[in-house]
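Shared between the two complexes below is chain A, which has chain B as its partner in the first and chain C in the second.
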Partner chain A sequence: MILVFRHLYLFLDSFSFLLLSALGLSIIYGMMGIINQAHGEFIMLGAYFTSLLSVALHIPFIISIFLGAILTGFLGLLLDRTIICRLYSRPLDSIVVTWGISLILSQGIRIILGNSVESISTPLGSFTIGNEKFSTYRMVLVAVAVITLMVVYYIFNHTEFGLKARATMQRSDIAKSLGVNTDKMYAATFFIGSFLAGLTGGLYSPTMMVVPTMGTSFNMQAFVTVIVGGSNPILGSFLSSALLGIVNSELSGWAGSFAGQIGLLIMAIIFIRICPLGVSGLVDRLKAVRR
Partner chain B sequence: MKDKSKALLTSENIIFVVLLLLGLVLPTFTNAYRLSQYSYYYSMTILALSITLVWGYAGIFSFGQAAFMGLGAYIYGILSIAAGRDGFNIFALLIAVVIMMALGAALAYFMFYGGVNDVFVGLITMCFGIALQTFMGQTAGEEWQVLGVRLGGYNGLTGIPKISLFGFKLGDVAFYFFTFIILILVYAAIRYSKITNAGYSLTAIRENRSRSELFGFDVPKIQVIVFAISTGLAALAGVLYSVWGSYIAPDNLSMTQSTIPVVIVASGGRKNPTATVLFAILYYFLSGKLAASGSSLNYIILGAILIVVLLFIPEGLFSTLFSKMDKYILRRA
Partner chain C sequence: MKKLSKRLFAAAMMTTLVSFSVAGCGGASSDDLPKVQGATRDSSIQDADGVIKIGIMEDLTGECALLGVQKVHAYQKAIDEINEAGGIDGMPVEIDLVDACSDNTKYQELSRKLILEDKCDVVMGCATSASREAVRPIFEDNNAILFYNNQYEGGVASHNVFCTGLVPEQQVVPLVPTMMETYGKKVYILAADYNFGQITALWFEQEVENNGGEIVGTEFVPMGTTQFSSTITKIQDAAPDILVVLAAGSSQTTFFEQWSTSGIKGLPMMTTVNIAQMYEHLQFDPPALANMHVVANYVMELETEDAKAFTEKMKNAFPDDAYFGMEAAASYEGINLYAKAVENAKTTETEAVIAALEEGITLEHMPSGTITMNGDTHHVTKDLVMIRCDETHELHFDANYSQVAPDWISKTLGINIKESAPNKQYTPLDTN
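On to the complex of A and B.
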């Protein structure tokens, strides 16, 4: 019983980590075709904003997370309007340019704020099952990840904005001719993606060292999740986080966190060889077969 | 005949000949220490050229070149230290390049035959690099030995021996010419390949994959071949680098190290090897000067160059300059 729970706990932990780190990236990629290499740095910014607001200004932790996410979202919006909007038709160049942005962000933070900030201690303590301790906060993160996914699903599938955004994603030229302001849709999408990155940073800020290079520890997991997820941002990131969560937690528990990372990579390369369109492509194909 | 000589007299060729002559006479001007710095610049230029080939010519974006370079250097280091004979080292170089080409081909097989393209190639090569760096970083323990050579964790391999040719150990000046000649050969091969059928098929693939496929090109096969060659070039650069510095460490495999040559190629002109060579040598020369002043703004400058060039001069600085100069000269003539 305790053994089952331990596996479940590790799985849920790595599932929520993958889902939260990938969701923003995946939405931006799915909607705009742009891979935001600065995604990890946006997460880092969210963590910095949250820590600074809550430690220096004594704003309650939950509100700091939210404010940090909004600040990160607006920074993303600013970058989109000034730089990234010029690259909508050149996705390959956008990788290089957003990488440039990430260099500037991480080094800029290092120069402005130094190598680390005072971190927040993990809230909510722990709970005990049998004679093993588990962190309550990690379980709260799982709930937050699922709720975030549901909110994003609602926004993109049940609001007028979501309808227009999906129309823009499928055929931007026709959406434009029907009177959708596609530029506005792209900007809003980029804001949401950056907001989610900032949220992730804020949520994970008490669990890790807040340093300028922390973005890279999210990047690889996020990219692998998006690769395996495929083109549908919401369904894809949900299913691939679940799939990769199992691989990652089992391998990490068995042979250390390094094996978990390598396992993710190998899994992604093999998976993409077998089914190039990712999990969401697989689901689409199954649906087509059933019909 | 006259037309042909005129076609050869482009600003690109003139710059290349000037660089070639400068490179040949350089040893008479500088001391041994400075000369060995140039061997370093040249090996990094070869790394940049590997990106010109794979990205500029074939449109495949690889973010893992530094990882391929570093792994090549590790293989050379392990083989040459384990063998312990100077005469063997040139073969160690060849073996390292061949192993890395095979590895590149294997990775490329999984990607291109799986239909992975564009941004995802960039991501997979990047993940490969990060994973490899993490792996090499945790090899500090006794149990990590290959052929009796310890991998050394974050400190990396040290004491990597020099190369000997015909029983003659390559010292500073000889090694300078060794790297110089290899650079010229690589450059010439890449430039020449542009006007061969292979070069044309690369351009076709870069411009439009599905159309090339309809014309009968075996697109994934060509992509695998060019990726393997580029990996081999990166490994060659890595071997030369590790011989120059006599060490290789996981830091050399990092993403930042992969990015610098990408910046160089993008800024110089990704479709033009001459622009790459010119920009690379200039960059390493200047950054050597900057590093002496210990600036923490290095990465910020690097990132800013990248953004500005790609937004405003997407064809690259020197590429654009070459064609502008040629037009200007033609109008005057």
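On to the complex of A and C.
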């Protein structure tokens, strides 16, 4: 029983980390074709905003996370309107530009706020099963990850905004001719992607040391998840986080976190080689065959 | 308001610096530092350009910045004091400061620059052992002097390298038997996955076995790892009496936060780096570091006369700094040892300075009290304390070790660097 729960706990922990790391990146990439190298730095910004709001201004932690995510979202919006909007049809250029932005963000934060800021300690304590202890907050993160995914799914599939956004991403010229303000759709999508990055940073800030370079520790996992997930941001992120979560948690549990990280990279290589469209591409193909 | 405008000013100043760092992370130049006051140029010391140029190569940014900044400030303080007192025997000292960005390739480039282009008389620097091993051959090939002012895994026997930080025979050997007597014989090792972690882990294994204990598990964690759920689960599963943690860099120290909130309470821990280097007991809320033990020569809370004096003057000189730890002390001591060697040698010429250092310089009233450069090993004898961190993160000094010599290279391996330097690093594996 305890053994089953231990595996489940490690899987869920890994799953939520991958999902939250990748969702924002995946939406921006899937919907806009922008490869956002500054994604990790947006996560870092979310962690900084959350820590500053909760420690310096004594705003309750949950509200701080939310405000931090909104601030990150607006910063993303600002960047989109000033820089990213010039790169919509230039995916390769977007890599270089967003990489530059990532350097500016992490160095800028270091200059303004120094090498680290105080963050709050992980809330909620732990629970015991058998004679082993598990962190409660980590299980809350799993719930938050699933709820976030459902909300994003709802926004993109069941609202008018979602319909217009998807139309813009598929054929922006036709969407435009039908009266959709495509610029606004891109900006809103980038806002959502940045908001999700900020949210992830805020959620993980109490579990980590908040430093300007913390974004890089999310980047590898996020990119691997998006590669394995493929072009459909929501379905892809969900399936690939689940698949990679199993690989990562089992390998880490068996041979240490080094093996877990290697496992993720090997999965990325296998997918690029055998199934370049990712898990969601595979699902689409299966659907097409059944029709 | 005052604080804000200061921030803005700092931001404006640093923006100029960033333009450097984007181009190549050149960092601060010596022009930014206080100029030499009161020193005259008519000195008995032989030096080509009439000024003693000390290259400082540390991490002001990146993974190890929390350590680099305190070390650089300690260098500045030591050099300011020397210049205020008229320089080294009348000759002024100048700093050539570069930021290595916690990047080993950068370390190599900068070493060549400091030695060959800037013609520094000595270079002080390196934080991680990976960075030191990356540059050590460059100093050996160019016959330049490197002061490595940092705790490490021991075993460097090089003609050109002087290590003023602590080594395992000073930290691991005294700590392990005390810990095992008090807490038990089953030990789990969690270490950073590079030369420092791997070799220090060998030392802990060796000492645990020598004292009749058992290693119940070992995990090496890659640099930059931030998620420790599986690690924590494995430690719980192995149920050790003592946990060895050798976490390096700001990502890995995240372990302590996740460890303390995992609900496991009171498991005794030991280390050679945490607390005394990157002040994790202040970085994290209690009880993240509860029951952590480390042997060190200096921490800010240490109440010996010499330590208090150092703490006081560093606080006055750098009131905004968060902490000064044992590597800040080692850095301060490194500068003073070098200055004394130049004074004795009456020249900055490499071989003469090395010979002066190898004669065994003793300095009093350093941050860690009386220290002696050990000529046979190029390491430094110091007074040490065993530090225990309690649940409220208050530090207790449970044991004192007087004048502990770093003599593993000479006693166990039979090497005398003075006579012949093998220019390599030894590990416990070399004793078998």
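Keep in mind that, in the parts below, the second predicted complex is superposed on the first by the 291 of 291 C-alpha atoms of A that agree within 3 Å, B and C clash if a C-alpha of one lies under 4 Å from a C-alpha of the other, contacts with A are read in each partner's own complex, and residues count from 1 in each chain.
The working rule: contacts are C-beta pairs under 8 Å (C-beta built on N, C-alpha and C of every residue); 3 or more make two chains touch, one makes a residue touch a chain.
A quick note: this is a predicted structure, and the numbers were derived from the prediction, not measured.
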Chain C versus chain B on the shared chain A, clash or fit after superposition: clash
Which superposed partner A:261 touches (first chain B, second chain C, both, neither): both
Contacts of A:52 with chain B and chain C, given as first, second, both or neither: neither
Which superposed partner A:270 touches (first chain B, second chain C, both, neither): first
First, second, both or neither for A:224, with chain B first and chain C second: first
First (chain B), second (chain C), both or neither touched by A:92: first
Which superposed partner A:101 touches (first chain B, second chain C, both, neither): first
Which superposed partner A:244 touches (first chain B, second chain C, both, neither): neither
Which superposed partner A:135 touches (first chain B, second chain C, both, neither): second
Touching partner for A:216 - first (chain B), second (chain C), both, neither: both
Overlap of the chain B and chain C footprints on chain A, listed as residue numbers: 103, 107-108, 110-111, 216, 258, 261
Residues of chain A that touch chain B when the two form their complex: 29, 35, 83, 86-87, 90-93, 95-97, 99-104, 106-108, 110-111, 216, 219-220, 223-224, 226-227, 258, 261-262, 265, 268-270, 272-274, 276
Contact set on chain A toward chain C in their complex: 6, 9-10, 13-14, 17, 103, 107-108, 110-112, 115-116, 120-122, 125-128, 132-135, 137-138, 206-209, 211-214, 216-217, 249, 252-253, 256-258, 260-261
Contacting residues of chain C [partner chain A, same complex]: 7, 10-11, 14-15, 17-18, 21-22, 61-63, 65-66, 69, 193, 219-222, 224-231, 233-234, 236-237, 250-251, 253-254, 257-258, 260-264, 283-285, 288
Residue ranges of chain B touching chain A (in the complex, touch as defined): 59, 61, 63, 107, 110-111, 113-116, 118-120, 122-124, 126-128, 130-131, 134-135, 138, 255-256, 259, 262-263, 266, 296-300, 302-307, 310-311, 314
